[in-house]
Structures are given as structure tokens and as C-alpha cells.
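Notes for the one structure printed next.
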């Protein structure tokens, strides 16, 4: 039998070891001799048994310190570095936690003007993209591993020929927020006679920029200031989930969500065909089919006084559009209309509405436009045309995977380009078709600057020297254009020359550089807003269809455009709405499902009429979806670029066309037929109703404002047999504001990263064995057609009289002095009694030994948190390791712990700032103040188990649109208007469980 | 068959099963390598440096004051002295008797490699022992590591079991309480296990 | 003597030698046997080569045991993940089987102890086998709490032994720890009780032994028993004391097992009715299992004259009575849930009767409440094959009772977001089969190795018409 | 024990087929003045105790005693271990939660009572594993009811035998081999049991030595505890198969600046730079007691090794080896140096042998050390008062 010498060996730990060290354990040796003699004196029975157990060879472990000490560099002490997230083009600021010279955790940077301390799920998972086994290890030419000089030499020769011949060279990239990188690309392209940079986004906002070119003469995407808006009308814009800058928008949006904020609660109406994360947070939703959106907008615009042709629209929708128009007029100057369609006419209407209503300068900031989406669909279309005509001699792909996410025409044309170069980190679909692979650094390995919003500059610094033989794109372009320079040098030069002069606060470039490096970002001079230009609205009306199914393509919060689909943490993140993992599917409304005879999991074959691609997808019955809409998520069906993403879901990108001039879902009606059989979707939540239980409390804004005390219904608290038990110096508690929480799930992934929570895979999730310590329960209230949605983050409630603690026979879960419900993994024998006895079902059991074989991936684990073995129970600890570090720091500095110093990971990065955590024994702390909020309630508080986590009642700014803002109800009595709830809309306010 | 043989065989079987039982109970806990005394790449003597020359522990093990790890000093720390000191210990002033081991040290440092020391103390991964808290609380290094300043070659002096931790923490807290102060040594499980 | 009293106490209530209410003299043992005949018939099977049927039977049960060993191997080496449990349903087959076997294990000691204290002499024919059954059932039961642990090799942590962790003891407030003490005490006391009862018979066996080895071994185990009256006198005292100790013990064991559920906060578990309900259920299932085994054994081993239909009838009456108690408990649970006004509690019981596991619930009701009603008929009570079928139904029903209590309460508890379904895997079924394999293997071995009937006790009641 | 022939001959037994006959016989024998030693029956014969004149057993008292012991142990141990020895709070219950202790207390009471009374029974009845059974009468375990008695004075055995057969005895005979005169096995005697224990002793000793000498079994534990002992997350100082240099510890990329770090000093090594530092760098710390104390700690930990605790070059290394003399810190040369220059030397090294300590000591510590050195210099400059201060 093969025995392992230690657990490390069994798990495949790579370790230098010798079988037996020369001079180990003299004591042990002598004992071994004695025992042998004694054993031989008797018979061999005991000998064999004893020896088999006693004599195992020893692992010799190495201890390898730094060679040189460095000031401020202490092994085992975390350092935080401000840098810029490269997960998408939003350019959020992150703080990267570095331990022993490598990044292990990312968190939001509160000093960064874009994200202001928030970080989304994709951002949280980025370190795992750094330590990803599927990354390219170095450059390749024609599929063969080469060294960089070889690749450069080969390309230099080819480029020289192109320079001579004047052939066209193109760089295709996603949105580039780094001016230095852009400059280096331009410098490279400048060496050719016909060199051009094409930026294209998978989730394109090109029409939005195009619309502003028509209305303001300048291609730009305005900076929307949701914090200024009293009334937000979202039209097919999932701005809290995937649109432009979700973290920044969530932060701004949440700052006005709730009755006790500094400024009155905003009202949010979402007009959409699918059920998006944003729609789930809206005070009111208007459902309509995708083809009805444009007529709806036209009606809205017309009612607001714009002269234009209006497409036919059903009368209930017409009434709703009128009601919204009325509400917008009431909030003139403080409203905001956002449109997520990639359609020029729609965006122009939207821009003009915002102008007419005077939103410019208040909610629509044109002076500091956003640079987070620079994709140009027209340029991309032109590129495809050029390529298919054989005009492009060389194409460089940077942060772009067009063979996956562009219409199939691209793939056909791509083959006609002789020199195809990819800088992708992994061998993705496009890289597989390239002649040259020149892998870029992961963004955590590079120096990068960033200007996500005009006037907001940020610096990204590397956290680690590159793991593999990759090269920074800036340096690669520098090498190819014959002007090699290090990225750091290039950025520093550009900053001295361009950025430093723009700012006025600091007198010396080095201090400005250092201050920005430490803070993460700086604000420099802003531009001026362009002027509005009157004009005829582009395009013609398109009649809404009244029958047949229509296609909605959308992005999911975790997967986004699919570029991180190879990160299992994101695949396993439950979709905030459907709670499904590891798959995409076709969403069908309950009414349509009944009509089609479908149930959850049935396979359905879908194809836009006339389109060659038919996909067979499982059905998810989605309440709140428009009855004629079938929604399919993008970003799935990867065929290359990392194991975890392969074969998960189906790729729906080919269903997008340029038919309107901009990349959008094929508008043709859908052909739908039943597929064969059904599959079990890996959903983490199967029951969506509260079953009449008062687990979540909701209330309308108006009655709350009339009497805040009415938010707390009578809560019988039975007498305790034993009374309170004593607490130590602290007593931790958490309050989650359900009005603020949008369900964005950033906390879920953040928690996984902080606490080394494993990913278990599709099958295990389908068996309901996901390991998330923090989950977000999503309940529907009201009717299936027009449900209200509640997101309720649920983690260990750290009960003071915890039912789980009593039942553990071995004292593996006991109460701490500080009110924590401690779980001691190494003491746990795994009876699972505690999990059974947990009313919240937040305890997670290690059903298997989850794999940790990859040494690369183990670099990304948090060294402060035990990696649990199989057979052990685990659960949220309130990030006790972070509390310990904070307490230790305070003690070292000889002071008391400050409020807000000890933060769990979920709270730190919550973009909505929905979580408050602290010490309730400190009467001054924020938590103590929030604990006095009349909206506070306990989930299952009636059980008398004293949870330390409490929730604030969800306040909905509901009612009819005409009384949109009860804050102002006392001031201005609303003039009678059309109520929005035409028909099916249920009044959401005042829903109580039973 | 002779009854005696039966009895003795039975006795041995009993003894062996008892032994197996005793072994399967934790006669020895994880990380208890007390007595482990491996040879190191160079025979660095704590008895000389910490004992005879009375160099403070924290002179080299600087991290102990701020980190969970006490740390093994980087070679650059050795070079603070051994840039100058190259002779064997006890070489009279003015004489030159270069130590080959110091020579090895200097060569390893300049080559940029560093030594692969053999790790002696290792607590199980589910235990967090922050050195910094203990150093700042004035706990002597010797109370866990033994009289290192007398060791020619370092060995693990104590078993470092949870019982040893608790004994010290309980005594310390008792002292604090008798003095009317708040207990400072945490007794919560999650102080060390998380 | 009135007819009603007969229902609960059985014919043994009528002193032997006197006419019963039908006017007949009813001896406990049929066939008018001599003492020697009893010795021959009881010890005979242990001294002969087993018949072919026995070999076939034990090969089947050993195969079942091997299936279980495979399941256990899978579980221990790969993890509890091989089972069908999930984050919501953390116990299912494992604890169902545990409670089932503990319940089975109740009849033996009950028959030995309580019937002994109540001077029910009809117990003498069945107590030895019933006690053996108890011990084997407790052994089966004991494997489940160990194998259901995530890290079963650390099961010894549930015992308070001095250690180098502080020392860290155990949680005496945990019902699971109470289980550890209850089950191990029950096992030890039952084993002792059984062994004490066996001592005179072991001596008989020793004296009949034909080979030296057998005689030596039996000499060691019979502790030098020679039938001395001084020893007999103390023996009877000790037996009485053990019976007195075992009686509250047997009640306490299932009470404590029921507290695993009753002390929790889970709706459907958190019920004060559980201890009596569980004890009645345990007696119910235990007697059913005794009936199943005895009816087969008396047929196969020609012991019809020792285990008469009157014995069977007495036991069916116990089954009927406890079955009624159990049925009442089911109704009471529903009433309590409705009357409490607690929405969670109400939902759990509605869900039991109408939810996805309703089939299991109605199976339980059918087997446990309806099937024993046939025992109202004397014809059924005295026809062994009918009793056999009904007793098997009761066993099935009682297994489902535990399954229903555990799984339906867990799978839909407080937060609807976590509701989930449970489906067993083959590994779980294999372990379940293996537990039956272990039980029947041990029982089959017992029937060939040790006297299945307490010969000394039977001799005592053989001709006691004069006493 | 002295055994006389007459004694042996005076014992006899009679064997019956029915318990009633035995009962009559016993009554008869006792009435006739014989001493009934014991009866041997396959089952307890009712009325025999009275017939033989036996007193009721005292085993119930032993049972009670053991029960009380069990209860005391259970309650005592539960309270001691849960509330006194290692108090841990679970579920908000008090440390001594009496209701929760009842089940275990009850079980242990029953267990000890049961085992105790059985053990007492074995002891008083001399029941123990034996190879040779004393007083074994044929048929007594099957269908014979046997009485053993000692002949009364002056009654010949044949008379008694006749009486016995008239009472139904199937057989009666004198006993020649009774319990005092037999060839018993060595292993049946207490000495045999002792020998058995002694035979086990080496095994016990072995186990004991394992416990005492604390053998090296941690590797077994590593695998047997099912994991978590071996680190999975990469830990500092470990070797690495992935990272550069084969070790986990990696220097941060050059040029990066953490949130808490101070930007690199804009100075190079060398005398000119030191002089520039003296001009440009003021000490950012005021000479407060706290700063002074910290400076003292660091000075004595690091600097004093060579420079001496008083700055007088009496450092432990210098004293022990006398290898070289460092710069006298209390000398006027150093006293006149500006703080910035001393700071530069502490950071980058001195002109001769001193290495820079910028990598080992934090920037704050270096400044604070200078504060302390200034105090040392003041103390050295001050003339020692006549009283002779320590």
C-alpha cells in the first residue's frame, strides 16, 4: 500500500524533502531501539502494528527568508497597495492586500472617485485570475513556445515589410482607459503608413456616444450622477449590474435609497423587458417587449414636448409612458433618464429628454464625461469589412476576444489577415487562431495609469513581479515600434509631461506621483461641457410587434461579457435574480411557460428567424419577465481560455447583428420549439416565496415618514430562562440595510476570497452543497407577473443564544467573549448537528476534500484562514481574522480599537454601503446608532436566539408615480396625475408576511 | 498447546492492542517535534551569538516585534557584522584565521541565492500564533523556545501544545485579575483558530 | 379475571396451574417436557453442525454485510459527499437508521427487565433471544453515529479523556453527548444483563462440552458456575437489581435519543411529546422485530413448543397497544402544531402530509397505525404467518417514521430560500443493507453458538404448577 | 490448610430428580442435625434459601453505594469540567446548567450501579474465569438436584443414604474430592492471575514508555487527523515551486509604494550625502518620554551591541571580542553632528565599518534612537555628582 508521509504530500504539496534527515531526533532513535528489543523479546504481533504506526519518515521542511531586508517589508504583515482594477473597463480603484510580496485580496479603495470603496464580484475574483493555471506561460509563434527576442525578431522583420509596403495594421482592443497604453499603441501604429486603433466593447455603448455626437457634437458618454437624481427612469439599462460603471452607479444610487439619508429617498422606475438586477431594485417596473421600448421612449419624448413621429403602442403602456412623463416634469432638473439600448434613435431621444428636462449639469455631467466605454461599433464594422476584403495585413488583439464575442462574420474575415497577434492572458478563442501570442501581464503585475472619467486620473501599480514569461503591453508595443521603454518609465514620463501640469494642488511632480500612488487616484482639471444642438431625431419609428417571442440578450452580474468565464468563483456565483449557477438558460415568463407547456429545466430550442444558429437551452421560469420576451445571457459557451469556463452554457453572441449600425440582439422574431428532455439547473435557491413568513419586512415610504415608529411591528420578546451572559471588551454586531442592498453579490465573492471558501462545481451546487458563507436570499412578493423583489444577505447571525453551540458534542462551536459564534475547524468531527439545528441554514459542511492541488492557486489563498479539510463544518466568522489583526494593531499602538477599524470583508467592499458592523458596547459607534433605528428587525427573532445580525426594513418609494416623493408631500401637494398601476401592477408598499 | 504460550501470546496481543490504542490517542500533538534538532546549512551557533556575545534576539529576529512570524533573518542581517568579521571565533586581535563557514555565508550572500534553512518550529496550520503580541506583552522568547542562547544547534525545546498555551494564558489572566486589571491573554477559541 | 385485563397483560397474568378464564389449564411450555428434554432441545442445536438452510442464510447475510462494508469504506475514504445529504438536510438515512436500530434494541431489555419485574413468566422463552437482539441492534445503531461523522477517526473526541489541549473536555450540554453516554451505558448494561442470564446456561453447555477447547473456553466464560444455591440466591438478587436498573435505563435511552430532536429549534423536532412518543415507538418496533425473528426461529429451530402461539399473542397485544400510542402521538403532533399557531410548525406538518414526502408519511401511517389494527382479531393474533407479515409492516413503518421526522422537518424549515430535497445515494442504501447484514449475521451466529432459550429459566417454569 | 481424613469422609451428597424432593431432603437433613453445605441445582429452587437458612443478600446495599458513587462522579465531573477546569460558553446557557447534566448523570449512575453490583456479585460468589470448576456435581446443570452436606455427629453415612433414597434420591455418595482437596489449575489460583498480569507487564511498560518518552509521532498525526495540520495556503518562509527564487517570500516590485509606507529617501550613501542630510533632514519627533522610551528600547536592542549601553563602546560584542572600536557616540564629534546626519549614518552606514540599518529598523525607530543618543550624550557630558550616582 502506498502511504503518504504527510497530508501535504497526499495533497500534492510540492516540497523539497529528503527521506530521513541525517541527524534527526536522537531521543526518538534510542526509544526506537528499546522498543525493538522489547518487541523481539516477545513475538512479532505487537512489533508489526507498532512499527507500522510509529515509524514514518519525516518531512524536512525548508525555511527560506528574504535575502535582503527592506524597510517596511515584514513577512507575515500585510501591506495595502492602491491600484486600479483591470477586471473591466470601469476603472474602479482597489486596495490590494499584499502578504509576503504577493497579492491575496482585493478591496474597494474609498479614496477613488469612481468606486468610492466599492468593488463588484468580478473585481473581487481578480486575484484568482492572476493565479490561474490556464494563463499563458510565455510568448508563442505558430503554436510553439519561443523567447521574447525570438518573437520580437520575427515580428520586426514582418513589420518592416509592412512598413515598406504601406499595408494596413490594426490594433483591436477593448476600451482602453490607460492613456499611456493608448499612446504606446498609437506610437506603434504611427510607424506604419496605415495604422489604426479600433476599440470595441462586447457590451457596447457606442450608440450612446453616437447620440451625443448628434446632440452635442461630440462623441462622449456623460457621467451620470445618480446621487443627484430624485427620480431615476431606467430604460433597459442595468446600471446596477452590468452597464458602464455598475459599482460607481450602485454607490451613488444607494446613497439616496432609504428614508434616513442626508437627502430624500429617490424614486426609481425601471422600464425593461427582462428582470434585471436593477429592475429588481426599482420602486416600480414597467414590463414591455424589446420592440416596444423604442415606441415607449418616443411616446415619452413626445409627451415631454419633443416633436417626432411616434410608433404605435398599446394603450396601457401609453398610459404608463404618460405617467412617467408627468413625473419627470414634476422633477424637472432632478430626474434622470438612462437608456441601455445600443440604438442610436433611442439614445438620442434619451439625450434630448435629459436636455429638455434640464438634467444637464445636475444629473447628467457632460463636463467630466466617462471614458469607461470607448468602443466604436462603426469602426469595428469597418474593420470586419476591411479584413474580409483582405486589406488588413496585421491585426493585434489586446484585451479583446472577437472570435468569441463578435458576430460570425468576424471569424470568417479574421482568417484573411496574414499576421494575427494576440496579447491575451489565456489561450482564448481568438488567441487559438492567432499566429503570434505575446501575452500581456495580468493587471496585478503591471504599471498602468488610468483615466476612467475625464479629470480623474489613477495609477495602478504591480503587486508582484510577473509570475510567467509575459510582458507588459506597453513594453511590447514599445519594443515593436523600436522605442523600448519600461512601462513604469513610460507612465512616469507621461505623468510629468501631461498629468502633473493639469493639477494644481501639489508643487512637485514626485510628491504628486507618490501621493497619487498611495491614494490611488487624483482629480485634475475638468473640461467644459459641449453645447446642445437642436436637430431632428435620427431614424424612423419602428412599429412594436404585438405577437411572437422576442429576444433579449443580457449580461449577468458575475460573468459579465464572459471574459472572466474561466474563473470558477464567478461561474459559481448565483445570479442575483435566478439564483442559477454554472449555466446560461433561456428565461421565460410564467405566463409564457404555461402557454408553451414548459417547466424549469426543460430544454428549449431557440433561434431568431432566419439566423443559422439555433441554441438548445434550459428554461428558467422568471417572474417579472415580459410575457413575449425570451432572455438569454451572454458570456457563456466559452470554447477556450480556461478549464472552468469550457462547455458551461451556450454562446449567444452570434445572435447579435450590426443591422441597426450598432451591435444589438437580432430583432427578428424568435422561433421556439421544445427540445428533448430536461436538465437539472444548479440553482442555490428553489423556493421564491416567503410562504407568508415575516422574514423580510417591507414598508412604503409614505407611511414610514408619517410615523417612523410604525416600522417596528410588535415584537414579542419572551423572557429568557438563563438571562444574558457576560461579554468581554467588545460585542460585535451587524446591521444590513435592505433598502440599500441591491443584491449585486460583490460581498459573496469577497467573502469567498477572504475566507478561502472553495468552489464546488456544478454538480455539487445542483446537490445543494454550495459553500458560500454569505448568500443573498431573493424572495418574490406579490404576483408572478409583476413581483416585488427583496434581496436579503444571509450569513451566520452569530446568535447570542446560538442553537448550534448547544448541540456540538465536542465543543467545536462555542461562544466567544465578544459575542461571536466560533467554529473551531480542527476540533470539529463533523456530526452536522449544528447545521441541522441552525434556523438560518448558514452552516456549510465540507462534503469532500475540495481540491487544492495547484500550487499556483494556493498562492491566492488567505494565509490567515485555515483551509478546511473534508468532514468539517464551517461558516461565517464575522471575519474574525480581520478583527484579530485590527485589535492587535490597536494594542500595539497602545490605544483602543477605533470604530470602523475592524471590518468584515463583505462590509468593506459593499458598493451600496448596506452593511454596518461594529462594537455595540461602544455607545458612540455607528453600529450603536443604527441599532436604535426603528426600522431594525431580527430574522426569526421570535425564536429567542438573539441573533447579532439585524436588518433594516426595506422601504419602497412606492405608490403611484404622481406622489413620487413623499418627502415633498408636505410641501407640495401633488396635482392629480395618471396612476402608473394600470392593471397588473400590485401596490408593493406595506407588504407584510402573513 | 501449552497454556503458558497461550497466555503470553494473549498478553502480547493485549499489549499491542493497548499500544495501538495509546498511539491512536494523541500521545503527541501536531507540530510537537520537541527534540527536533536538525543540522543547518551552516553551523550557526546561538550559543556564541546570543549567549557569549549577548546579541539581543530581536536584533536579528526583527519581525517578531511586528509580525505573526518571528522570522529567520535575511542574510543581509548577517552581513551587518560579517562584512567585517571573517575570522573564526576566538581568534586573537590582529591575527587572521578566516572561518570557512563565514566565507560560505559571504559567498552565498553575494551569489544572491541565500541558504535553505531547515525549519524547526511549525505549528499546525490551524493555529495562529502571533509573535508580535507576545513580544509586546513582554513574554520572554525562552518561555516557549527554551534556552536558545545556550544551544550550539537549535532544537525544539517544548512540545508547544495547546495545553501549554492555555496554562500560560490562564496564569497571566489570573495575575491581571488579582491586580484588578482586565485580562489581556485571550481565552477565546477564535483568538488562535480561524 | 376480566376480559379487559387480558388485553394488556396476557394469559401469563393468570397464575400457572390455575384455570384461566376459559377454564383451561395453560402451561407456559407445551409438550409436557422433562428437564433433560429441555436441556437436549435447547443445547442440541449448538452442538450439531448447522443445517444447509443456516449456511444459505448466513451467506446471504454476510453478503449484505459486505455491501455495507463497501458503503462504509466509500464513506470513510471519500467523505460524506458520497451520501445524498446537502446543506439543508444534514441527517437522513444515517440517523434514521440509528434511531431505528436503537428502537429495535428496546424490546430485549424491556422483555428481560420490565416483564421480569412484573413477573410475566411468559418472557422466559423469548428473553434470551430478545436480549441478544437488543445487543446486536445496539451494535448496528452504534455504527451510525460514528460513520455519520465527517471525520469518524476522531470519534473518540466525544469521550472525556485527559488530553494535552488544556485539557479540553466535551460538551455535556449536547444531546449527542448524552447519546454517547446513553447508548454506551445501555449497551454495557444490556450486555452484562445478558451475560449474567447466560451464566447458568454456559455452565450447562460447559458440562455438555465434548472437546477440550470448547470446555476450556466455556470454563473461562462460565466463571466457575456450579449451580450452588448460595450463588443462585445472590444471582437472583443481582438479576432483580439489574432488571430494576435496566427498566429506567431502557426508558431513558430512547428519551435521550428523542432529545436529539426535542431540544432543537427545528419545527417538527422541537416537541415535548417526543420522549414518551419515542419510547412507545421503540417498544412498538422492538416487539415487532422480536415477533419477526421469533416466528422464523421457532419454525426453523423447532421451538414451537417453547415459543407458543400464546407467547406470540401476548406480544401482538403489546404491539397493538404501543401502536395505538404511536398513532395517538401522530394525531397529537398535528393538534399541537395547529393549536400552537406557530406558522413554521403548522407548515411542517402540512408538508409532511401533503408535501413532496407525503408518500413516506402515509406509508408510515398505514404501517404503524392501520396495520396493527388487525391484531384486534384473535384469529390474526394466533396465526403466525399473519403476525409475521404485520410485524414486518410495523418495522417498515417505524423506519419511515424516523425518516419522516428527520427529513421532512429538515428539508423545509424556517427560511424558504434554503429549502431542498433529499435523495439517498447507493452508498447510503448499502450501509443500511449492511446494518441488516450485521444484525442477522450476528443473530444467526448466536443461534448456533449459544442457547437461544434461557434453559435454566424455562426449567424453572416448566412444572411450577405447585408453586 | 490441614485436611483430616475424618473430615473428608464426613461429607456426602445426594442427588434428586425433582426440586421438591431436594427441598424435603434439605429440610430433613437439617432437622436431623446434619450440616447442609450447599445445594446444586439447574435452576433456583424456590424456598431453598429458607430451607437452608440463608440470610438475604446484602448486594442491594452495594448497588446503592455504587449508584451514589456514579452519581457523584457524574455530577462532580460535569460541573468541574464545564465550569471550573475549562469553562466554555455554549448557546447562552450558564456554565453550570443542571438540567443539561441530568441525562449523563443518570446514565453514569445506572452504569456504575449495574457494573458495581455485578462485580460485587462476582467477588462475593468467587466467580472468576476458571479452568477447573470447584464443587461440580454431575447433572447439576441438567436435571439433577443435589445436596451436599456434612454428616452430623455419630450418624453413619449408610443410614443417611437410606433416608435419602426414601426421599427420592437417585444417588448418594460420600465426597472424597471436595474443594479443599483437589488438583486445581495454576491459573485458577490468585498467583496465576498475578502471573498473567506480570506477563502483560512488558507491554504495559512499553506503552508507558511511549507516553513518557514522548516519541516522535507527529507525522502519523498529520495524516490521521484528516488534514488542516499541513498548510494549504502558501505561508511565509516556505519554499515554492512557482515563485521566483523557489520561495514564497517575494520582494515587492521596484517603485511600488504601499498605503502605509513612506516614499524612499532622496539620499544616497556617502559622506557628502550625509552632510546634505544633516542640513536638510530635521528630526520629525519631539523628545517626549514615549519617543525617548522607544528609542531606548531600540538602542539597547540593536545599537548597544557595539556602541555600549551608555554609548561608551562597552557593547557586549566589543567587550567579548574587543575586535574593533566603533565611533564613540558620546564623543563631541557625534554630539555636534546634526540629527539628520546621524540619521543618514544609521540608515546608510558609517564611514568605516558600520553598516546601514535602514533595512532593519523602521524610519521612526531610527529617529527615536537619535533622541535617546542625545540623552546619553547629555548624561555623559554632565559631571558625575559627588554622591556617586549609579
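By letter and in written order, the chains are A, B, C and D; residue numbering begins at 1 in each of them.
The rule is simple: a residue touches a chain if its C-beta (ideal position, glycine included) is under 8 Å from a C-beta of that chain, and two chains touch if they have at least 3 such contacts.
All of these numbers come straight from a predicted model, not from anything done at the bench.
The chain occupying the central position, as judged from C-alpha centroids, is A.
Looking at A-D alongside A-C, one finds more C-beta pairs in contact between the chains of A-D.
Averaged C-alpha coordinates give centres for chain A and chain D that are 51 Å from one another. Rounded to whole angstrom units, the spacing between the C-alpha centres of chain B and chain C is 56. Chain B and chain D, compared by their mean Cα positions, are separated by 23 Å.
Counting partner chains per residue, chain B shows two or more touched chains at residues 8, 12, 15-16, 19, 23-24, 26, 29, 35-36, 62, 69, 71-72, 76-77, 114, 116, 119, 124-126, 159, 166, 189.
Shared contact sites, meaning residues of chain D that touch two or more other chains, fall at 86, 88, 90-91, 93, 97, 100, 131, 202-203, 206, 210, 215-217, 220, 222, 224-226, 228-233, 235-237, 239, 245, 359-360. Among all residues of chain C, those that touch two or more other chains are 151, 154, 166-171, 173-175, 177. Only residues 685-693, 695, 764, 767-770, 775, 777-779, 792, 794, 803, 806-811, 827-833, 835-837, 839-841, 843-849, 869-873, 939-940, 943, 945, 994 of chain A touch chain C when the two sit together in their complex.
For chain B in complex with chain C, the residues that touch the partner chain are 24-26, 29, 159, 161-163, 166. Interface of chain C with chain D (complex): residues 34-36, 39, 151, 153-154, 160, 166-175, 177-178, 181-182, 185, 188-189, 192-193, 196, 199-200, 203-204, 206-208, 216, 219-238, 241-242, 245-246, 248-249, 252, 256, 259, 455-457, 459-460, 466-467.
In the complex of the two chains, the chain C residues touching chain B come out as 156, 161, 163-168.
By the touch criterion given at the top, residues 20, 38-46, 48-49, 52, 54, 56-57, 59-60, 63, 77-78, 81-82, 85-86, 88, 90-91, 93, 97, 100-101, 103-104, 106-108, 110-111, 113-115, 117-118, 121-122, 124-138, 140-143, 146, 224-226 of chain D touch chain C in their complex.
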